[in-house]
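What follows is a group of structures, each given as structure tokens.
Look for chain A in each of the two complexes below; its partner is chain B in the first and chain C in the second.
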Partner chain A sequence: MIMGTVRAVPRLLHPLAWWMWAVAMAVVANRTRNPLILVILVAAVVLVAELRGEDRDRRMTLFLWLAAVVVGIRVVAQIVFGGGAIGTTVLFRMPQVPLPEWTGAVRLGGPVTLEELADALYGGMSVAAMIVCLGAATVLASPRRLLRYVPATLYEVGTTLVVGLTYAPMLMDDARTAWAARRLRGRDGRGPREVARVAAPVLSAGLRRSMALAASMESRGYGRPGAGRQGTRRVAGAMVLTGMVGVALGVFGLMSAGTSRPVAAGCLLVGAALATATVWRPGGRRPPGRTVYRPDRWSSAEWSVLICAGVSVAAVFVVVAADPGALTPSTVPLSVPDLPWPAALGVGVAAMVAWTTPVPPDRMEHRP
Partner chain B sequence: MSVGDSAAPGSSASGCAGPASSASGSTATMGVRGGGLSWLVVGAASVTGLLAFTWMFFAGPGSFLAAAGTDGTWLFSVLLALLAAAVGAQLASGAFDAKTVALIGVLSAAGGALRVLGAGTAGLDPMFLVLVVAGRALGPLTGFVTGGLTMLAGGVLTGRVGPWTPFQMLACAWVAMGAGLLPGGRRLRDDDAARPPRSERWLLAAYGLVAGVAYGFLTSMWFWPVMAGSAGGLGYDATAGTVANLTNYLSFWLLTAMGWDLPRGILTALLCLAAGPAILAMIRRAITRAGFAAPVRFHPEERL
Partner chain C sequence: MILLDQVSVRYRRSEPLVLRNVDLTVGEGELAVVAGPTGTGKSTLLGCVAGLVPHFTGGVVHGRVVVGGRDTRTHRPGDLADLIGYVGQDPAAGFVTDTVEDEVAYGLECLGTAQPVMRRRVEDALDLLSLAALRSRRLRGLSGGERQRVAIAAVLATGSRVLVLDEPTSALDPGGAEDVLAAVHRLVHDLGVTVLMTEHRLERALQFADQLVLVEDGRVLAGEPSLLMEVSAVRPPVVELARLAGWSPPPVTVRDARRRADRLRHDLAAAPPSSPREPAPGPPPAPGRVRIRGLTVRRGRRQVLHDADLDIPAGVVVALMGRNGAGKSTLLSASAGLVAREGGVVDVDGADPADLPAQQAIRLVGLVPDDPRLLLRASSVADECVGADDDTGVTPGATRRMLARIAPGLAGAHRVNHHPDDLSEGERLTLAMAVILTAGPSLLLLDEPTRGLDYAAKSRLSAMLRSFAASGLAVVVATHDVEFVADVADRVVTMAGGRIVAEGPAADVLLSSYVHTPQVAKVLRPHRWLTVGAVASAMKGEG
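Up next is the complex of A and B:
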């Protein structure tokens, strides 16, 4: 099979491929409230992230915790404040607390029904699965690597961010040193005053470094503005402004029931496209002949990631189109959710990228 | 700490940086070009951004957004990310010189590092100290960019980039911009020798308190429809009106997020009281040393 050859050389995949895959998975999670599909999806995403994660130190644990918190908050809020709004199967009763008039519609306590718990659980799981999917993007390909693909007009912003990301660990080291020094002098290093005592020397050292960096950047020719850019900048500014007015009008249109939806949506899309187009405008200040250092390849493994993601999104949309209720199990009346197998298979296809992509260089022993 | 000891390296720093900036012919003193265009772009972005935060209160029953429900949250997340790219390109492209890049980069590094260090302590964010003081020292427009970039750097450093990032970036940009708009800021920025008044630390602290709480109030808003679900009297109800949803949100915020937002505001205020003026003086000195504010004149005979 080709897979053997694809997998031969350990390498990192193009970051855009992973991010598109993760966003596609998030779209799938957003489209479904079926807990079985969501569990399969989260399992698939975590599996891929664990097997193909770029860095062994970056784990999914944080995002799984975040997802659990989202589900927890949603369910607890429903138990405490739900008041048995939907459903008839009362599980238990919370002690009811009468609230003063100004609290409005808030109810505290009261009956807790199985139906409302299921509803909160399904909704919470859908959001939690989205968080896991998008978190997987940062585990599979760090946002730092995406920075290499910013268009030329965002060159300054991108450079600023790279400076920030490079200096932050140094500043943290400085802070630890300063903090250790404070403790050696018998301070416990707690409280705002101590934070301030540590922050001042750290920032002072950082700013001194920043000026050295600026001098070295200027001496290497960074920051030469091109001639005659003023005109392009004005045109781009006008486009951004027009685009944002379009977006705002579109949003206003979508917020009122009276306007025709195609007009409002069109206004929004055209506006967003116009504003975003300026980012890719010609004449961005990339110096001529600036090349990318060791650009990431885009080969069959990247295509396989996109194809797998596309298949699972298509599967979910086809299932929803065929039967709108298939992926939103009924809660009133409550029924055991069944497993729509085309959607489950689609999600399974997305997990196949763990086998169609090369192993990241530093984790060879993780071959599936 | 004293201004005197920085005089000698300061002159050398501006000595090596000065000719380069005069050769570039840049007329901007630093950072984002303060022009009508930049203000218009920031203003338009702020209006659109405010809509992205508050759409759920104004979406009329039967409208597209009300029908979309929680999907509106994701739509606006994508929209804000696109607009952030457009605004960043517009404000920075061709306007940032090496010194601006280095200064804003280091400030966002400091903010991001504080965010990483503070991540362990119950969600307290010492980052806001940097946002407030940087906004005050750099002015509203450059502060706007610095705020957004600081948040982005913090997100990348802590590995928490997601649909929440565009909203957090915009809210942080507002926090820093607001600090730049505080009274008396223009005098501090135009005149290097101007001494901040004695009340400076109290002004910064009061603003830090308000901004820290307001930041939380806004950023809890974007995920409210997703998070609260349909819990009675707390969640987003697409069929209810503006007032009902506002009271629902207020109850939600008071009961959940305020527990984090109030400590954040108080911490920012305390940090501003303890270190605000010192850090402000540091950033101002860095700006002066880089010769940012020095009017650049081009004398052809000097090149000989």
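Up next is the complex of A and C:
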């Protein structure tokens, strides 16, 4: 039934669908430390992003590098600061620096064990996979499109965030050009001093560009004083912000071990209720006096994305419920992680969205 | 439609007035072209009309600016969005969304237009600027001319009756510029839109203008284009030719000029041919100090430069022409060893700059990028010179002396403390050239040096480049400016789609092209004349 949309007319999917899918994948990544599952998950996410990303120029490469760096930092940090906290299989010894009493468990140097390295690797991979999921969200649906669904009262904040977010790549381009241009002045060294020399022209170019963007938005009618009364807008803004803080606390609580689950869930629910209450106030959906050109449709393809994401999350939670240690391979004693089939299949289902969703209009030739 | 009444503008108390006592009236459905030397207040004038000055930029405005019955004192730019469409110098910097259609709709969304109305307006705007085929394209993938048209469509969709365009064609190739100007012209004719636009290259815009607004030192003179051309400090080649031939009032279009040029053509038929740099008959110049063979560059999955072969003899100025995105900049930066190449060799005086450390490479090749600010980073001209001495490892003071040689005014005591950002475009370019030339390169590359330069600055630049060439440098200039090429280049290389498509003496390439023909050549066809200077010296020779 879902497969019926394969030959659908090329169109962009509802941005909320992609972002919810990506967040679901990030939740899965957060729940598991099994490297095999994480590799499958990253492969699935990258596959979908490559096949269904809305912009051919926006690639996953940057996020994959970032993920690799995170894993690297995590492992190196373990080598430097770990001091053989767990495990007995000592691989090599780092020169140890004695630290004063008050630093507590933090150690510098000392023995490096295979078990702690495996533990660091698994943990790092989990975080890295979440970064890849976030990157996939921005590749699949540009944050600017998501902005349309930001509640009215947060619109200004949202705009600032999104302009900043889409501005970062441009700043990267500028930085790359300026870095290359140093050669024209006879400089090809590296190091902090060289970076400082490039920073000034890059930042001033960025500033000039932001001013041009701001002037353009201003002269095109952005932020015209709306019809809403100041008082109600303030109350609504406060409600949304409090709600968002509640949601953030709740999510954090649910994800980290050691917090009471009911308290966290309560935070999440109350926060969500507060935030949505303002969204569903009449006229609250969009800033007063603002309309939307072509609202995104929500049809079977969007549902298929949500269902696939839901199946993945459910699979992982079921596996964990049946056997709490299933997705946390043992490091002491260290064993080769096995592959819990139900979880792997669940993650595989998430990759199916690459076939259940229409092709973005820009990249017809990449039809799978 | 646009009324300025005794308008004076000052940005800072300590600085002189940018505009003083300006009176200007632009009627409904008029196309007014604002011209004048760089840095004389053209952009400020446009900003005043769009309401950005002073609401956005700060500063103090005296007098009254009324557009369509609304006073900008009491209306912020946002309140004028349904009346005035403002497009800045770099339209891409003003894009808020990702795709063409969304961008066109953005203003309507801000104004809270009802959906059915919005759809109709978007379609109309797309049609008016011939963008229907591009509607779902990404803005980042568009060419310069397309971007400019999208920006105009976006402000037009909101129902603007007044368009304020700041140098809409300065970054465009001749084809793209023509598209944009034709579209603007159609809007004026069919919809009665009022247009106020700045333009440095009057040869392109003057023929469409109902009114010419000359800005000089903050003062404004407005009126009939051909009458004002008699007193203007900025003159397109066709007007220069008219002055030389004694036609008054001067014709402003090539068509008018051709009709009056019978006599001149007849006189010139007897004169010795064409440009002063017509190559002497004989073998082509010997392969010189710069040899480029099979240069290939790939960017992502796209090959942006295919197998480029080029010889640049010493003492020759080569112009690199071609559409936006044809690979001109890539060829330049690959020659300087700035971008990684996939294949090919560059040989400058027997060495490849890409193989050398930067300090040695800049003694072979110097490149001035299209934004000279990329090269500059000090907070004053003097510091920049000291920094350049240090970077290139020359004796202290060498850069300052170089600057004094090519731009005595800039090296003078009262200018050297200026911040590079406060210099005019031409001065900044000169400073960047001084920095580059201090290293003593054999090959000088310039990417789009004429953007934002007025006629006087361009002819100074052209004289400068000729003198560099005369001293034995090989010079390559990538540019869209046909008139500048006619003035400066010995040879012309045309590129398209990352390949070199034509190469030859400037006169041959320019005269055989339909797009890249200088005005003088159009007027005097079939005779082979490229510049007013060449005609002048021929006439002097005769007289």
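By definition in this document, the second predicted complex is superposed on the first by the 215 of 368 C-alpha atoms of A that agree within 3 Å, B and C clash if a C-alpha of one lies under 4 Å from a C-alpha of the other, contacts with A are read in each partner's own complex, and residues count from 1 in each chain.
Criterion: a contact is a pair of C-beta atoms (placed from the backbone, for glycine too) under 8 Å apart; a residue touches a chain by one contact, two chains touch by 3 or more.
All values derive from a computational prediction rather than experimental measurement.
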Q) Is A:47 contacted by the first partner chain B, the second partner chain C, both or neither? A) neither
Q: May I ask you to decide whether A:354 touches chain B, chain C, both, or neither, giving the answer as first, second, both or neither?
A: neither
Q. Is A:204 in contact with chain B, with chain C, with both, or with neither (first, second, both, neither)?
A. both
Q) Which partner does A:64 reach: the first (chain B), the second (chain C), both, or neither? A) neither
Q: Could you look at A:135 and tell me whether it touches chain B, chain C, both or neither (first, second, both, neither)?
A: first
Q.
Once chain A of both complexes is superposed, is A:144 in touch with chain B (first), chain C (second), both, or neither?
A. both
Q.
For A:236, using the defined touch cut-off, is the partner it touches chain B, chain C, both, or neither? Pick first, second, both or neither.
A. first
**Q.** Partner with the higher number of touched chain A residues, chain C or chain B
**A.** B
Q.
If we overlay the two complexes on their shared chain A, which of chain B and chain C does A:114 touch? Say first, second, both or neither.
A. neither
(Q) By the touch definition at the top of the document, which applies to A:217: first (chain B), second (chain C), both, or neither? (A) both
Q: Could you give the residue numbers on chain A that contact chain B in one complex and chain C in the other?
A: 142, 144, 197, 200, 204, 208-209, 213-215, 217-219, 222-224
(Q) Per the contact definition, I'd like the list of chain B residues that touch chain A in the complex. (A) 13, 16-17, 20-21, 24-26, 37, 40-41, 44-45, 47-48, 51-52, 55, 58-66, 70-71, 74, 79, 82-83, 85-90, 92-110, 112-114, 116-117, 126, 129-130, 145, 149-150, 152-153, 155-157, 159-163, 226-235, 244, 247-248, 251, 256, 267, 270-271, 273-275, 278-279, 282-283, 285-286, 289-290
Q: Report the residues of chain A in contact with chain C in the complex, numbered from low to high.
A: 54-55, 57, 142, 144-145, 177-178, 180-188, 197-198, 200-201, 204-205, 208-209, 212-224, 289-294, 361-362
**Q.** chain A contact footprint on chain C (complex, rising order)
**A.** 50-52, 55-56, 76-82, 84-86, 88, 90, 93-98, 101-102, 105-115, 118-119, 122, 136-138, 140-141, 154-155, 158, 300, 333, 336-339, 357-359, 361-362, 366-367, 369, 371, 373-377, 388, 391-393, 421, 435-436, 439
Q | Residues on chain A engaged by chain B in the complex (per definition of touch) | A | 30, 58, 62, 70, 73-74, 77-78, 80-83, 85, 103-107, 119-120, 123-124, 127, 130-131, 134-135, 137-139, 142-144, 151, 153-157, 159-172, 175, 192-193, 195-197, 199-200, 202-204, 206-211, 213-215, 217-219, 222-226, 229, 233-234, 236-237, 240-241, 243-245, 247-248, 251-252, 254-257, 261, 264-265, 268, 272, 275-276, 278-279, 284-285
